[in-house]
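Next come the structures, one after another.
Below are two complexes that have chain A in common, paired first with chain B and then with chain C.
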Partner chain A sequence: MSKRIISLLKHSFMILISAACIFPLLWMISSSLKTQSTIFSDMSLFVLRPSWQNYITAWVKGNFGIYFLNSVFYTVTIVGGIVLVSSLAAYAFARLEFPFKNFLFLLLLAPMMIPIPGGFVALYVLLNKMHLINTRIGYILPQINAGLAMSIFLLKSFFEKIPRDLEDSARIDGCSRLGIYWHLCLPLAKPALAIVVIYNTLYVWNEYLLAMLILSDKSLMPLTRGLMIFRGEHVTQYPILMAGMCIATIPIIFLYLLMQKHIIKGVMAGAVKG
Partner chain B sequence: MRILNCKTQGLKSQITNHKFQTNSNDRNSNDRNKKSVCNLVLGAWGLFVIWCLVLGILLVACSPKVKAPREKQLTIWHWMTDRQDAFEELARRYEEKKGVKVKFELYAPSDAYRQKVMAAAQSNTLPDIYGILGGKRFFASFVKSGYVADLTAAMKANKAEWESRFFPKALKINEFSKDNEFGVKPGIYAVPLDVMNIQMVYNKSLFKKAGLDPESPPERWEEFIAAAKKIKGKTGIGGLVSGWGEIWMIDCLANNYAFNIMGEEKVMATIKGEVPYTDPAWVRVLDLFKEMSEQGVLVEGIVTMVNKSAEQMFANERAAFAFNGSWCVNVYQGMNPELDYGVMLPPRVSSQNPMVIWGGAGSSFMVNARSQQKEKAIEFLNWLTQKEQQVFLSSQTNNLPANKKSLSDISVVLRQFADDMDNTTHPNIWSVSEYPLVTETFDKGIQSIIINEKTPLEVAKEVQRVKEREMKKSRE
Partner chain C sequence: MAKRTFKNYLFILPALLLFAVFSIYPFIKIFQLSVYRWDGIMPTMKFVGIFNFKDIIFHNPIWWRSMWQAAYITLIALTLQNALALVLALICDRGIKFGNGYRVIFFIPPVLSGIVVGLIWNWIYNGNYGLLNHWLAQLSKWTHISYFSNLERAWLADPRTALTSVAIINMWKGFGWGFLVLLAGLQSIPRQLYEAAKVDGANAWQSFWRITVPLMIPTFGIVSIMTILGAMQIYDIIVSTTGGGPAYHTEVPITRILAAMRGNLQFGYACAMGLVFGAILLSVSLIIIKLSRKLNPLAG
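Take a look at the complex of A and B:
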């Protein structure tokens, strides 16, 4: 009987937590279907007369067609770059012996302490000197750089946990170092890679400040720029903004569902190691 | 994991044997290790180069089409999201009329915009026209660094035709007077685009319901208290709402009454340290807030309320009066287009001094002194502030135009706000400024009075203590 009560309490608690997590999402969807005047007077989650027009307005007025493709391109390129460079670097730090290894590792981790906005002016001046202002590459490279520290840190600790014996056996079978990295270590690090991918995808997909700083051409801007035009100095068009946010959230939710299994594994593995 | 462990156990024995066999050939093993490290490095570089090539191809494929060189168009940077559409329309009209292409580039929010302007200034890539967000000291640093063109000559040309279009208070904020504390050459350095002021608005429907004349809002303090109490008694709806959780709005109303009760001279003397905050006139100012609180004139929770919530409350007709800026016209229009309201000055306490409100230039544009198209930029700003363009901007954005000649063509509510532009002032244009800590203590003290935590006299004494401490510090 007492077990039942404990189980009931546990489940009630978890339902409450889940409801608290889902509520903002439901509120966003509900607000996206209201009008500018009803959003301030109608506080209910269920909309009797949904205004689907908001989605069309958000897509057309926010230029989502161009921005959406740009965001997909930036996210794929930046996350791809981060995964490639950080996994190679993490493997080298975990498995190779070379002079100043620890010092170099600390040096690589140092940028984790400096948020990108802290170096905005310096970054702008540097990119301007390299003629990379208002170019895609000027937006991509600093973000790959920003994502490396955290990703290397995560992957290195994962690679270190892979038994060396496995690598030795692969070497006996004639596998090269790169082959071991590619065929053995990388597949085993899937949970950690999933964390790296989702973490960086979220960051890149939601990035806005750097885009504002570096890009000025509308055709180069990411999706977040489209959302910003609905936020005025004193007036915000909440229903259209919420509709835009719903559109922008769909790919991230889809990605999360796709990688859910690996993400949970990665988090669990991290917890066990911790 | 178990399977993996078994596998690794088996492999371990194989490896041990293998190691035993190779122990005699250590040199060969080291060579192999070196080789494999080299292979890894080479392979990694190979992968990186391939990725770079793929990226390069993608970049070329997705790069924007070739555009007209920047010299052929005027580029303007701004942060005003809600004005972008109107700006683009005006740019289209200007190109049609003068053949000059103008591009408005929007960078919002204002924090990001400010960062961009600072970064662009350091790398000398500021556009032809831009706005500077920040205090007068920040503005002065741009002028002194040579990033802002002096517009005095253009403003004074043709018998000061351009200068005379604006409300004097709007120009004042963009002007550096003789012997200014920043060491900037005296002159006008920016063009005001619109103006703003902060007053009271009242709900006409609630006035009607309470049997009050909606066309005669209270002019005196006693009338205001009586009207608020009457509306509450008849309709059950609270009196005054404002975003006093943002303390600068409290400061604004308290300063209005300070000017009304004791006059500008005495207020300035207080800031200079010649009159104490414990003076009866200052205690009277603080006492007004106590009176509003005790008489139930203020809506519940006003002390912690942000202005957005206050605006929502007034727009939803849950308060009879609101203390808000002229930008509220746009806000209320969005929240409740049916709202019937009027504008009134904060009711006077004393008839000896005028009621002075906060206001001045809303947003302004500067011309880049290093721009190769400086003259074209000045010409465009001149056109932008002509009556026709100002009326258009006002109708599209519900902001008060900076051009005083366009008042006859704007909405009634906006005109009511604009009518009192001559009674405006702002701490930014005062010759002296109060210590921030003193202002903060004063504003937070008012919050304490409203929630009945402190008396006006206690707050006055506390503010004076802080003032004396700050003055002592600055003397040292």
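Take a look at the complex of A and C:
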């Protein structure tokens, strides 16, 4: 009997916490479907007559269409850049020999250990000098760099686990170093690459500080920055703001649910190793 | 051979180039700028030595206030949030139906952007038509206790509740992450240890304190460091809710550094703030690493 009660208590607690996690999101979605006149009076979660018009208004007049495409563009280019640059380096650190290898490896990983909270001030000065303020490339390159440390670390330990025999036989077959990296190691590293991709995607999609510092043209802004701009310009248009927030959130939640196994594995692997 | 070495370097060249330009250069630049007075625009910079640091440490009460406020948010994250995360992780570790489902749900808030989270909660806390006040009103209607409706307020605009309200948002966003890391730590403990303890007559309480806690020390260390680094550098949630107000009540170090940089055009001063803050964070992390090594029964 007591076992049953304990189980019931456990589940009630877990469900309560789960509800607290999900409720604000459901509320955001339902608010995005209400109208300016019902949103303050109608507190219910289910909307009888959903106003899909809000999404069209947000997409076109609220500029969220442009912000959305920008976010997609930044995420794809930055994550693609991270995968390419970090996997090349990780392969070299795992398999090739060259002077100062260990020193360079530790140097590249240093940002994981040393917090530099004022780094963005100096980064702004640098981008200003390079005339990259308010440009796409100025937003992309620093973020590729920011994703390198963790990705190199993860991929290197994965590459090291690939049996050397596999590579040796490929080399006998006349495969070059670059060929082995591209045709053999990269496809084998898919599980680790999945973690690298999903982590950096979450990070880039949600980034705000750098976008706020360096992007001032609306045509260049990602969603997070666009949301803050919209809130500043149209304080009272809550349904449209909520629709914009849904546009910013629903894709990432979708991606998360799709890839959740990799994310959870990634957190757990990182934690046990660290 | 030299050619081979050169070819091998080509693999790490892109990473090194990016790192040199966007990490090493800014890192050196912070130290350099921190001893100057500079508005970020004019070519002229005035060398002021350690003046910026002296001013920050001895004559900038708002800076220290922002530090304590971030520390308050961090303290809530370290205690309440991680205690909740640990309880949830323990429940999941002992095996529970839908365990995986709960796991997926708890990690939803951590994948959201701080901006969206702040904007949602902004509205929950709103004084006029916020959900929290609405619920308090309903609660007091049902229970006929006026205490609940007396609590109603603009939570983020009231100086007495603003900081705690922000800390609760941060906790909502963060506990799922702590839960997952702690669960990973719990699952790495060999089951045989618990079985052996049971055979020896240990109860659940004893095996928790004698097996779970000692073996979890390294994980506790990691979670503490990550929680501190994350919560002390809180920014997105602040900027999308209070923006530091009302009247400095939710200012945190990052908002102060930005204010020095953008508001007052004191780039050198902002860099010095970043260095002071970074040094504090680094020493706290090192202390925790030392401490967890000392407490860890498996290490030397």
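General remarks:
Methods note: the second predicted complex is superposed on the first by the 187 of 274 C-alpha atoms of A that agree within 3 Å, B and C clash if a C-alpha of one lies under 4 Å from a C-alpha of the other, contacts with A are read in each partner's own complex, and residues count from 1 in each chain.
Just so we're on the same page, contacts are C-beta pairs under 8 Å (C-beta built on N, C-alpha and C of every residue); 3 or more make two chains touch, one makes a residue touch a chain.
None of the values given here were measured: they were computed from a predicted structure.
Looking at the shared chain after the overlay, A:M228 reaches both chain B and chain C. In the superposition on chain A, contact is made by A:L88 with both chain B and chain C. Applying the stated contact rule after C-alpha superposition, one finds that A:P99 touches chain C and leaves chain B untouched. Once the two complexes are overlaid on the shared chain, A:I5 sits clear of chain B and of chain C alike. Contact with chain C, but none with chain B, is seen for A:N206 once the two complexes are overlaid on the shared chain. In the superposition on chain A, contact of A:L108 is made with chain C only, not with chain B.
Using the contact criterion defined above for the overlaid structures, shared-chain residue A:I250 touches neither chain B nor chain C, since it reaches no partner.
In the superposition on chain A, A:F13 makes contact with chain C only, not with chain B. Once the two complexes are overlaid on the shared chain, A:Q237 sits against chain B while remaining clear of chain C. When the two complexes are overlaid, the chain among chain B and chain C that reaches more residues of chain A is C.
According to the touch criterion, the shared surface of chain A, contacted by chain B in one complex and chain C in the other, consists of residues 40, 84-85, 88, 92, 96, 117, 121, 123-125, 128, 177, 181, 208-209, 212, 228, 231.
Residues of chain B touching chain A in their complex: 4, 7-8, 11-12, 14-15, 18, 36-37, 39-40, 42-44, 47-48, 51, 55, 58-59, 62-64, 67, 79-82, 84, 105-110, 112-113, 115-116, 118-120, 122-123, 125, 312, 315-316, 327-328, 330-331, 334-337.
Within the complex formed with chain C, the residues of chain A that make contact are 7, 10-11, 13-14, 17-18, 20-22, 24-25, 27-28, 31, 40, 43, 84-86, 88-89, 91-93, 96-99, 104, 107-108, 111, 114-119, 121-126, 128, 141-142, 144-146, 148, 152, 177, 181, 202, 205-206, 208-209, 212, 224, 227-228, 231, 238, 241, 245, 248-249, 252-253, 256-257, 260, 263-264, 267-269, 271-272, 274.
Those residues of chain A that touch chain B in the complex are listed here as 36-37, 40-41, 73, 77, 80-81, 84-85, 88, 92, 96, 117, 120-121, 123-125, 128-129, 133, 135-137, 140, 163, 165-166, 168-169, 171-172, 176-178, 181, 208-209, 212-213, 216-217, 219-220, 228-235, 237. Chain C makes touch with chain A in their complex at residues 5, 7-9, 11-12, 14-16, 18-19, 21-23, 25-27, 29-30, 33, 40, 84, 88, 91, 96-98, 102-109, 111-116, 119-121, 123-124, 128-129, 131, 134, 172, 176-177, 180-181, 183-185, 187-188, 219, 222, 229, 233, 235-236, 239-240, 253-254, 257, 261, 267, 270-271, 273-275, 277-278, 281-282, 285.
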